[in-house]
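What follows is chain A paired twice: with chain B in the first complex and chain C in the second.
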Partner chain A sequence: MDFKENMISSFMAFEDHVDVENPIHDIRTEAIKQFEKEHLPSKKNEFWKYTSLNPYFKKQYSVYPKLESALEFKDVKKYFIHEIDSYKIVFVDGVYSSYLSQTTHEGLDVCLMSAALTKPKYRLVIENYFNKVAPKDSLNSLNTAFSREGAFINIPKGKVVDKPIQILHFSTGNEANLLVQPRNLIVAGENSHVQIIERHQSLTDNEVLTNGVTEIFAKKRAIVDYYKIQNDRLNASLIDNTFISQKEQSHVSVHTFSLGGKLTRNNLQFFHEGERLDSTLKGITLIGDKQHVDHSTLVHHAQPNCESHQDYKGIYADHSTGVFNGRIIVEKEAQKTNGFQQNNNILIDDTATINAKPQLEIFADDVKCSHGCTIGQLDDEALLYLRSRGIPKKEATALLMYAFSNSVLDSVKIPELKNRINKLIAMKLGVSLGFDL
Partner chain B sequence: MLKIENLHASVEDKEILKGINLEVKPGEVHAIMGPNGSGKSTLSSVIAGNEDFEITKGAIYYEGENIEELAPEERAHKGIFLSFQYPVEIPGVSVTNFMKTAINETRKARGMEEMRANEMLKQIREKAEMLDIDRKFLSRSLNEGFSGGEKKRNEIFQMAMLDPKLAILDETDSGLDIDALKIVANGVNRLKRADNAVVVITHYQRLLEYIVPDYVHVLLNGKIVKSGGKELALQLEEKGYDWIKQEHAV
Partner chain C sequence: MAYTEEELKKELETKEYEYGFYTDIESDTLPVGLNEDIVRAISKKKNEPEWMTEWRLEAFRIWSEMVEPEWANVKYTKPDFQKISYYSAPKKKPQYDSLDEVDPELLDTFNKLGISLEEQKKLAGVAVDVVMDSVSVATTFKKTLAEKGIIFCSISEAIKEHPDLVKKYLGTVVPRTDNFYAALNSAVFSDGSFCYIPKGVRCPMELSTYFRINQAGTGQFERTLVIADKESYVSYLEGCTAPMRDENQLHAAVVELIALDDAEIKYSTVQNWFPGNKEGKGGVYNFVTKRGLCEKNSKISWTQVETGSAVTWKYPSCILKGDNSIGEFYSIAVTNNWQQADTGTKMIHLGKNTKSTIISKGISAGQSQNSYRGLVQINRRATNARNFSQCDSLLMGNKCGAHTFPYIEAKNKTAQIEHEATTSKIGEDQIFYCNQRGIDTEKAIALIVNGFSKEVLNKLPMEFAVEAQKLLEISLEGSVG
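== the complex of A and B ==
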């Protein structure tokens, strides 16, 4: 059975477990039809030129775990930013774990997609927002077709959320070839403020594949800070699709820390639906060991007086491959756009590869757009300077790499998270330096 | 402390040092002068362990040990310090973080415990004060956007923090205004002890009025062609290098 057939027959089985009378199911049915129609991503598609999913399409997947896996908090504590108080929405193999979660909330909704899709009180939000910003391509449609579980966060007007929300997806690998497809929806009301930390973590060495979709809506003057920690094992692959719709004067930032995983694809797209807003896309990629990270970004400037800032740093070693495909589209109406894009890469050795492709499509005439892309090695002079002060080569190299990616960490607003990322980076670099100043 | 014997060094097959002999004993201050391109910075780089240069003949002994095979950091751990003629800008690493790392890595290599945070802070405060360095300066990225003089002052700050046995100051005076020159020279003098030594590379006699050398050497075309006392510097200031060049014309 090829992948499409595999998915379509899984869909029929899936229908036995969901309420087919729910209007949502019409959307799912549409989506599976769309999936059937669309080509699977392949190298012929310019946005998949450097990332091949072919090996994944050769396997047979199940879309729901047959067994429920329970985890002990102490075994997974280290994957949380546990130093701070936070809301926690936790999934194990795509199934909500109420035991590990902590969602008691007041004045906002921190809950589950399964609840949002079925409870009448959420019907309006779902009608207005669900599947409204995600494009209808093959993998998004696949996710939509199987959408049932994920995080649902609804922040009312004016609410400043008192603590960060952590969304954790654990994979146990207890079941071979499980395709997990979380579906998240985040609606930040006018003048609201929310910080979200998301992490995917596999717990064993079995192969796992995730195809996730997150839709984020930021209304007028809302502030959304989203952090993605991708520091997974060598057997875990993630296709992450995040789509953001912004209204006027909103500020949305997404920081993506891609520090591990077999294959990671970050499809991150911003759509502007109001004036004087800004979008920030930042990322640090630090990989080796034949790993593959693909950042495919889009900022769609469709309104005047908006800003976007993209800053991606990549450090690649040991047969790893990076892809940066950064797009900025500026529509005719989007006068006075400021669109910046920066992508700097260091190749540690000559077995590593980076494919960097900035794309600017500008149809307005009064805009400021710039992009800079560099690929280089570490600065030998700087290395000598540090070493001559007694800092050994490995530590000096680490310090320079850290410094290189520092502009991305600078804007992380949760100190404990920043600290954690610092530690993860130090660990990756094999040094025990505390980059904490 | 330092003994250089018939040192020949090349970069990309081009011989730059052509037989240097120099001995520096504890407690001494040596000055090396010489025209542009004569090999002064090359000599200091070779001592510090810059791997771009290849020693083709001769040897460098430091405290009796041939250091040719030692990495730059190992030389630093043994107490060799080079104040760079052109300090490198390192965006994203603050002066303080850099200094902390350098000190603790050095201590680690010497089998010592990490320096306690309050002790570190105290040291940083003291040395910054001695060199009249604004504390705010220390949280800035290392050398990034520093003025020429600020970079040089920062080099001496690092020297003060690391307290080396052998310090080589490559044109630390260039770029310093008169007041800064006095402050920096005064800093160097305060670090001077009977068991450490300083090699000052300079083009100007002025610095040597503050850091008074026991010996002055003239480096010309990769060789030390003349050595003398501090009066040699005065002579050079007055007459330039032509007369020495003539003496040594091939």
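== the complex of A and C ==
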């Protein structure tokens, strides 16, 4: 049975577990039909030119865990940014863990997609936003068809959320070949402000595959800061699809820290629906060990006077492969657009590969758009400078890499998170630096 | 520059397509359609040896199994390959030693184009191998070149006279299996130029060929092969104009350059085929495969000025196989009205210490779409490879588009790659500044565009630079609202 048939038959079984009378189910049925129609991503597809999912499509998957796995907080504490108070939404193998979570309905909704999809009081929000910005391609449709659980965050007008929200997805790998498909929806109302940290973490060395979709809606003057930590084990694979719809004067930033995982694919797309807004996409990739990270970004400028900033840094070692496929589209209505894209890469050794494709598609004439892409190595002279001052080679190299990726780290607004990322990077590089970065 | 304002004014008045005339020479045309018999017939007509016929047939078989590529960022009605006549040659095949013997009508055509063979002979020192609808009709300066041992002739002549060289190199850089249009060209190529520079020889003059598409309904399938033996140097110019025609004409050329150890080839193109009229009707389809192979310490430099054709699909590339070899690509692509261009380069770094430079300037006006598509590939063993790419786009008006699709693939840690691209428009303040000083807007734009493309224009040989500058101005006329 091939992957498509496998999924379609799973959908029939899935229908037994959900309320088919719910209007959402029409969207699901529509989506599975769309999935059936679309071609699965292959290297022939321009957007998947450098990343092959074929090995994944050869396996059989189940879409729902048969048994619930309970976790002790002390075992997973280290994966939280536990130094700060925060709201938490935690899933274990795609199933909500109320024990580890801390949700709220006071002043804002930080809760579950399953609740939002079924409770009447959320019907309007779901009707207006659910599946409204995600493109109808193969993998998104697959996620939509099985959409049932995930994080649901609804922030009313004018609300400044007092503490960050952490979304954690744990995988136990207790069940072989489980395809986890979380579906998140975030609606930030007018003048609201929210910070979200998302992390996918597998707890064992078993193979894990996640195909997640997150939709974010930022209304007028809303500020949304989204941080993704991807520091998974060598057998965990993640296809992350994040779509953002922005209204006028909103500021949305997405930081992606790809520090580990067998295969990580980040589809990150911004759609502009208002003037004078700002989109920021930043990322640090630091991998080795045959890992593969693919950043595929799109900023769709469709309105005048908007800005976008992209800054992706990549450091690749030991048979790892990095892909950066960045796109900026400027429609002819989008005059006075400022679109910037930067991608810098360092190859640590000759077994690593980087494929970069920074694209511009511009239809308006009064715009400032630029992209820069570099591939190089650490400056020997800088290295000598540090080493001649008594800093060992390893530390000196690490210092230079910090400096290289600093423009991304600098814009992280949560100090504890920044600290954590610093520690993770130091761990990756095998150094302990005796100063605060 | 001996080019005055009055001249420009006059040219602008007749700007539509000034080279659009039709030469009434009796042509010898094969029936339309393509099959093995036609391929055989072409080969027979050209009195080709058996091995060449077989080579063509094999290419035809490969082609019949291929599908037309669709990945380029252009939209057009696909040509019907069974509705094209694949061979057209002026019937009175001239074999002249002097110009007096050439058909006066043909000479007249050249005069309208501004090619005075006589004048070029004496003044410019350019040897011109004129290709008129696929068969070469006049080769000048042959003697001077022959003294140095340089072979510069039509490819059909080379097949007969220098079969060893042709056999050894034809299809080595662009194999028949390479792509749809290269396969098609390999099967049906009508004529083209062949050039061989012997070891240690520095070609004393710029070699040049003019192509013209003339017969209605015939595709032009040029095949060019330039071989620079060890330590030699050659500069080759290619310029094109075509008569105005309503139906779309197909042009699928293949150019192969081979630079052996320590050799240098400079290949310059000015392309000004009929771009279609203001409504986007007609125009030439230009699907070209150009590629050069660099051996040790050699250098290939592509310079192109693309102003014509309705649809352009062209990526002059360099395979930097030898250590220390250098590849360069300088390009200006101008699109106006409904033109579409998808052009760029490929730099494949295989050898150690290889260097490549890409400078691409795109100017789009009217409703046109202009794309840069380039690949820089550093392979595992290409230590210390270096690349610098710069793609600048200039947009005039908000109905056109400028796109950049760079592909950068690095597999060696010592690789150093820089890519940058910018998109901008002509500033109102810049125009205002010129206006203030008594330069009208039209002229001001010509001036600014000239400045924008200077980096590339500078790389052109003198004779071409003047012509190219003129072309830029004419192509963009009327694009300012």
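What we mean here is this: the second predicted complex is superposed on the first by the 432 of 437 C-alpha atoms of A that agree within 3 Å, B and C clash if a C-alpha of one lies under 4 Å from a C-alpha of the other, contacts with A are read in each partner's own complex, and residues count from 1 in each chain.
In this text, a residue touches a chain if its C-beta (ideal position, glycine included) is under 8 Å from a C-beta of that chain, and two chains touch if they have at least 3 such contacts.
This structure is a prediction, so every number in the text was calculated from the model and none was measured.
> Will chain C clash with chain B on chain A after the two structures are superposed, or do they fit?
Fit - chain B and chain C, as placed by superposing on chain A, sit side by side.
> Does the superposition put A:Ala115 against chain B (first), chain C (second), both, or neither?
The answer is neither, since A:Ala115 touches no partner chain.
> Mind working out whether A:Ile84 is in touch with chain B, chain C, both or neither, as first, second, both or neither?
Touch partners of A:Ile84: none, neither chain B nor chain C.
> Looking at chain A, does chain B or chain C touch a larger number of its residues?
In the superposed model, C touches more residues of chain A.
> Between chain B (first) and chain C (second), which, if any, makes contact with A:Phe404: first, second, both or neither?
The first partner, chain B, only.
> On the A-aligned overlay, A:Gly372 touches which partner chain: chain B = first, chain C = second, or both, or neither?
Once the two structures are laid over each other on A, A:Gly372 reaches chain C alone.
> Considering only the touch criterion stated at the top, classify A:Thr353 as touching first (chain B), second (chain C), both, or neither.
second
> One more residue to check, A:Leu71. First (chain B), second (chain C), both or neither?
Neither partner.
> By the touch definition at the top of the document, which applies to A:Gln335: first (chain B), second (chain C), both, or neither?
A:Gln335: touches chain C, not chain B.
> For the combined overlay, can you note the least CA distance between chain B and chain C, rounded to whole Å?
Distance of closest C-alpha approach: 15 Å.
> Would you please give the residues of chain A that touch chain B in one complex and also touch chain C in the other complex?
none
> Using the touch definition from the top, list the residues of chain A that touch chain B in their complex.
Chain A residues touching chain B: 379, 381-382, 384-393, 395-396, 399-400, 402-407, 433, 435, 437.
> For chain B, which residues count as touching chain A in their complex?
48-51, 71-73, 75-77, 81-82, 84, 87-94, 96-98, 100-103, 105-106, 109, 139, 141, 158, 162
> Flag every residue of chain A that touches chain C in the complex, lowest number first.
46, 332, 335, 345, 347-350, 352-377
> Could you list, by residue number, the parts of chain C that touch chain A in their complex?
By the definition above, chain C touches chain A via 71, 378, 380, 393, 395-425.
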